[in-house]
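In the two assemblies presented below, subunit A is common to both, partnered first by subunit B and then by subunit C.
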Partner chain A sequence: MRRWSLFLLRATLYLLLLGPLAAFGLYGLSTRWFYPQLLPSEWTFEPLMRQLGSPLIQAALARSLVIAGLVTSLALLIGLPAARTLGLRRFRGRSLVLLLMFLPTVVPPLATGMGLNILFLQLGLAGSVAGVVLVHLVPVLPYTVFALLGVFARYDEGYEQQARTLGASWPLVLLRVTLPLAGPGLAVAALFAFLVSWSQYVLTLLIGGGRVITLPILLFSAVAGGNPTTTAILALLFAAPPILAIALASRALSGGATVVGQQY
Partner chain B sequence: MAHQCVDRAVGVTKRYDTLVTWLTLAPALALVGLIFGASVLYGLAQSLGYLAIIGETRLSLEAYSGLLAGRSPAGREFWQALGFSLWVSAASTVLAAGVALLLAVALSGQRRPVGGATLLALNLNLALPHLAWAIALSLLLAQSGLLARIATALGAIQAPAEFPVLVRDSYGIGIILHYVSKEIPFLALIVLAVLRTQGTAYELVAENLGANGWQRVRFVTLPLVLPGLAAGALLVFAFTFGAYEVPALLGVRYPRTLAVMALELFTNPDLRSRAEAMAISLLMALVVVGVAGLARVLNSEREGR
Partner chain C sequence: MTQIDLRELWKTYPRRPAPALAGVSLMAESGQLLALLGPSGSGKSTLLKLIAGIERPDSGELCLDGASVLRLPAHRRGAVLMFQKAYLFPFLSVAENIAFGLKVQGAPRATISAEVARMLELVSLSDAARRRPAQLSGGEQQRVALARALVTRPRVLLLDEPFSSLDQAVRQGLQESVRRIQRELGITTLLVTHDKGEAMAMADRVALLDQGALLACDTPQRLFQRPPTRRAARLLGISTFLHGERAGCTLHTALGALAICPDGGADGPATYAIRPEQMRLRAEPGLNTLPAQLVGQSFRGEHSEYQLRVGEATLRVRAAQPPLESAQLYVELPPEQLFPVLDDEPPDDTKAPACEHP
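On to the complex of A and B.
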């Protein structure tokens, strides 16, 4: 009985995972699949190939990658020193800093984006990739700081001091001590920073103003367009990179390096 | 003399440390402080009717009073939208937390670490963007969707119209189904993380003292995981209350959530409805920050132990 209920639980879990992929595959790779047919009678790669070849979609894919890549790099660059200090030092004002970092992770992107819309228009940042990257950093940077904070809270500076005492230069310390120690946590933080930016719709819409077309923006308008085949293919293109990335990072994740405290 | 020298040296080192501390924090603080701060400031100003672009520089509480007293056209929908938002996020949070707790306890109740494959499955579900999952649900659960076809093949229904309306329904069932299925893995991972760090020692002690399975869950496991689960659930509530994409994709035009209403007002060509849009979004932010702040307090208490 117990074994069966456990089996059922596991099966539900995997079904939740396979369900969306099956849906995208069934709708994206078939034509004229009408109710009540259980399975499509005609399979075709034609829509998939056409979408992959579309300049609009290729540009959106590239733009999404560039934006998420830039956001991730900047978040790591700015977040790493801050997280190290917050994780290793106790100083006056620390909890205030933590509070300031915490707020943007929970305030709805809708509120942030609507508030910034006019300002970014005045600054000439609206409708530009730079503006979208900046506004993505508002939720992503604090989240990266918190993810890295967890890494540095368990970090022992003693190893670095020991290496310095033994005569290692600081680049060598960074390369041979700091990075190997913080590496897995760093990778996980980078991965989720990328995912948060990759999945962002509202902020891109409000600051990009319909001129910065990313994959989520295309996906949303495809839903409004009402063609399930187009929607399914775009959704697959949109969902595949995160899933692949998590699968590749599964080792670091199963080590329990971080519990993901973020929604996106 | 030597004593003073040492004192001064310590003072210099201390000041140097403080300088380094704030220098490392400066870029992050500047970026978040400036951009996020500006968004709050500009949002507040606009909600008070300040809109220099159309020459409006008087401040008034008109947007707020119109909304809260139900006088403006948007105000007549405000309380209903607030209620709908609260219903959707509360129902999603409670259901997801309950199932996540059951799932985590069942998975970890076997005296051996939860398998990597299960953890991976949970993490993969987490990685699937909300937008993609919402689209998948609308394809699967529509009245002519995959589930309806399976029901037809099994002979349970004869026509699409007989299949229950599960997405784009006026009760928010589709939205709730989405959030529950998406947040179960999120919360289950939190509970599993707590259980993993606590080990099985307490359970073994309880078992040795004669506690049965139910008693072990009730008096050992539950108190251990409850603070973490509650904090996670509050975060889920905060997120689902403020999110736009899912109710926009899986909801109907009426009733709609505050987020959907706010964005619609914001994109209205009549610039005056922007004040109301901003007021709604700030009220939403207020609710979310309050709830998430509570989660933070719970979390720090747990970590402080």
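On to the complex of A and C.
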């Protein structure tokens, strides 16, 4: 009985995850698919190749990758010291800092986006990649810090002190002790940061002002345009990097988790 | 070979009223093993952290071989700390852990592998080189930590209770090998411990710390047998103190006159102490005996402990004697075992002048 319900649960989850992707595959890679047919009668890579060859899509894809990459690096750079301090130190106002940190996850992005749009216009950052990167940090940072807090909640600074007395300067301690110890948590944080930035639409549209075209922007306009083939191909392109990243990370994480488990 | 010289070190931690160290001055001669003995909270670990450079003193001076190292960062002091926890890096193998210090200091690859092999042999773990720290026992982990500390040829080795989490047999083996290796290499070593036996067995000299202050510093034998002050004596397990008037070779206490050995001290009020294992129990009165009533006894393995009522006070006596039957006894305080201590404790409220118990 239990085994059956577990199987049912897994099957449902796979269906929910893979169903839409399969539908996109069917739409994106076929030409003739009319009513009573169960499956398309003709298959082709032509629309996929045409879309991939389009300079507009190539540019959007590259821009999305650059923005998500920059946001991820910045989020880790800011999030690592923040999470370390919040995780290891007890100081007055710590809970206030935590609250402010997590506020962006509950306040609707449209509200923050409107306000930031006015500010960014005055600063001359509206409509630029830099502005979009900065505004992505608003929803990304809470997730990054949250993922890293888990690392530092059970972190022992003794390892760093030990490394220092063994002759390692602080950059070497960071490189050879802190980062490897934080490894799995760091991977999770990077993944979160990348995914949250990659899937931003509202904030990119507001701050980018139509001048910073990322993949989600193209995808939304394709959906509005109503061409199922284009929509399907863009959706597949949009879903590919996250799925790839999660697949890679899950292997690294399951390996890393056992090491951490043994240690603590 | 390095001499450690600490002068008037003060250290206060934020949000704690009492200083962790209150003006400690201490000297460790080159090649010596100096034990820092004291209860928890006595400041002994803080002292090590100051020397290692992990903490900074509020004031005072800290010299290695006569040169101040206060301005040097931790990684350039050549003082390696070893903690109670081995802190082996879980993502490195045993050999890589030992190589860590040389690697971060940029030693050539050939030197590293030769030194690592030599160290693995020194701690007899040559066949564990490729293993992960998690696969080692607690004792083996500490041996790897010792090898990792020694491979950089530190000027000073700082041991912060590295044996206290190990069981008795492993601990003794490791204590002996640390002592042997330390002598062989001639590394000046500071050992923090709260275990009297460990301090006495391993150290050339023992410094006694309590509440951030240095109470005494001497060879293990002298410190154990003749602690200079009452507080020091108490930390070393002495609980029998006799207060009275000294006149020549006699101490007049409220319990009666006791013979003492001449030690050149002036006549007048004085406090004498005696170790619990130096008192003897007798059935008849004799020289320096006090009538006592047995109120309790407990068998402790190597010895038995007897609680005796003498006048108003309770005395604790340790003896290897078989359990006693009669309740009316005499406790003998041999004159050569009575020694004067400086009374550095505030007089307590109970007005019992002669003897007291903890």
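Worth a mention:
Here, the second predicted complex is superposed on the first by the 246 of 264 C-alpha atoms of A that agree within 3 Å, B and C clash if a C-alpha of one lies under 4 Å from a C-alpha of the other, contacts with A are read in each partner's own complex, and residues count from 1 in each chain.
What we mean here is this: contacts are C-beta pairs under 8 Å (C-beta built on N, C-alpha and C of every residue); 3 or more make two chains touch, one makes a residue touch a chain.
What you see is a predicted model; the values in this text were computed from it and never measured.
Subunit A is touched at more residues by one of its partners, and among subunit B and subunit C that partner is B. Of the two partner chains, subunit C is the only one that A:Leu172 touches; subunit B does not reach it.
Applying the stated contact rule after C-alpha superposition, one finds that A:Gly210 touches neither subunit B nor subunit C. By the document's definition of touching, neither partner reaches A:Gly124: not subunit B, not subunit C. Subunit A uses residues 259-260, 263 to touch subunit B in one structure and subunit C in the other. Against subunit A, in their complex, subunit B makes its touches with residues 17-18, 20-21, 24-25, 27-29, 31-33, 35-36, 38-44, 46, 51, 53, 103, 106-107, 110, 116, 118-133, 135-140, 144, 146, 148-150, 152-153, 160, 181, 184-186, 189-190, 193, 196, 235-236, 238-239, 241-245, 249, 259, 262-263, 266, 277-278, 281-282, 284-285, 288-289, 292, 296. Remark: subunit C residues 52-54, 73-81, 83, 85, 87, 89-91, 100-101, 104-105, 134, 148-149, 152, 158 touch subunit A in the complex.
Per the touch definition, subunit A reaches subunit C in the complex via residues 156, 158-159, 161-169, 172, 176-177, 180-181, 183, 259-260, 262-263. For subunit A in complex with subunit B, the touching residues are 5-6, 9-10, 13-14, 16-17, 19-20, 22-24, 26-27, 35-38, 78-79, 81-82, 84-86, 89, 91, 97, 100-104, 106-119, 134-135, 137-138, 141-142, 145, 195, 198-199, 201-202, 206, 216, 219-220, 223, 228, 231-232, 235, 238-239, 242-243, 245-247, 250, 253-254, 256, 259-261, 263-264.
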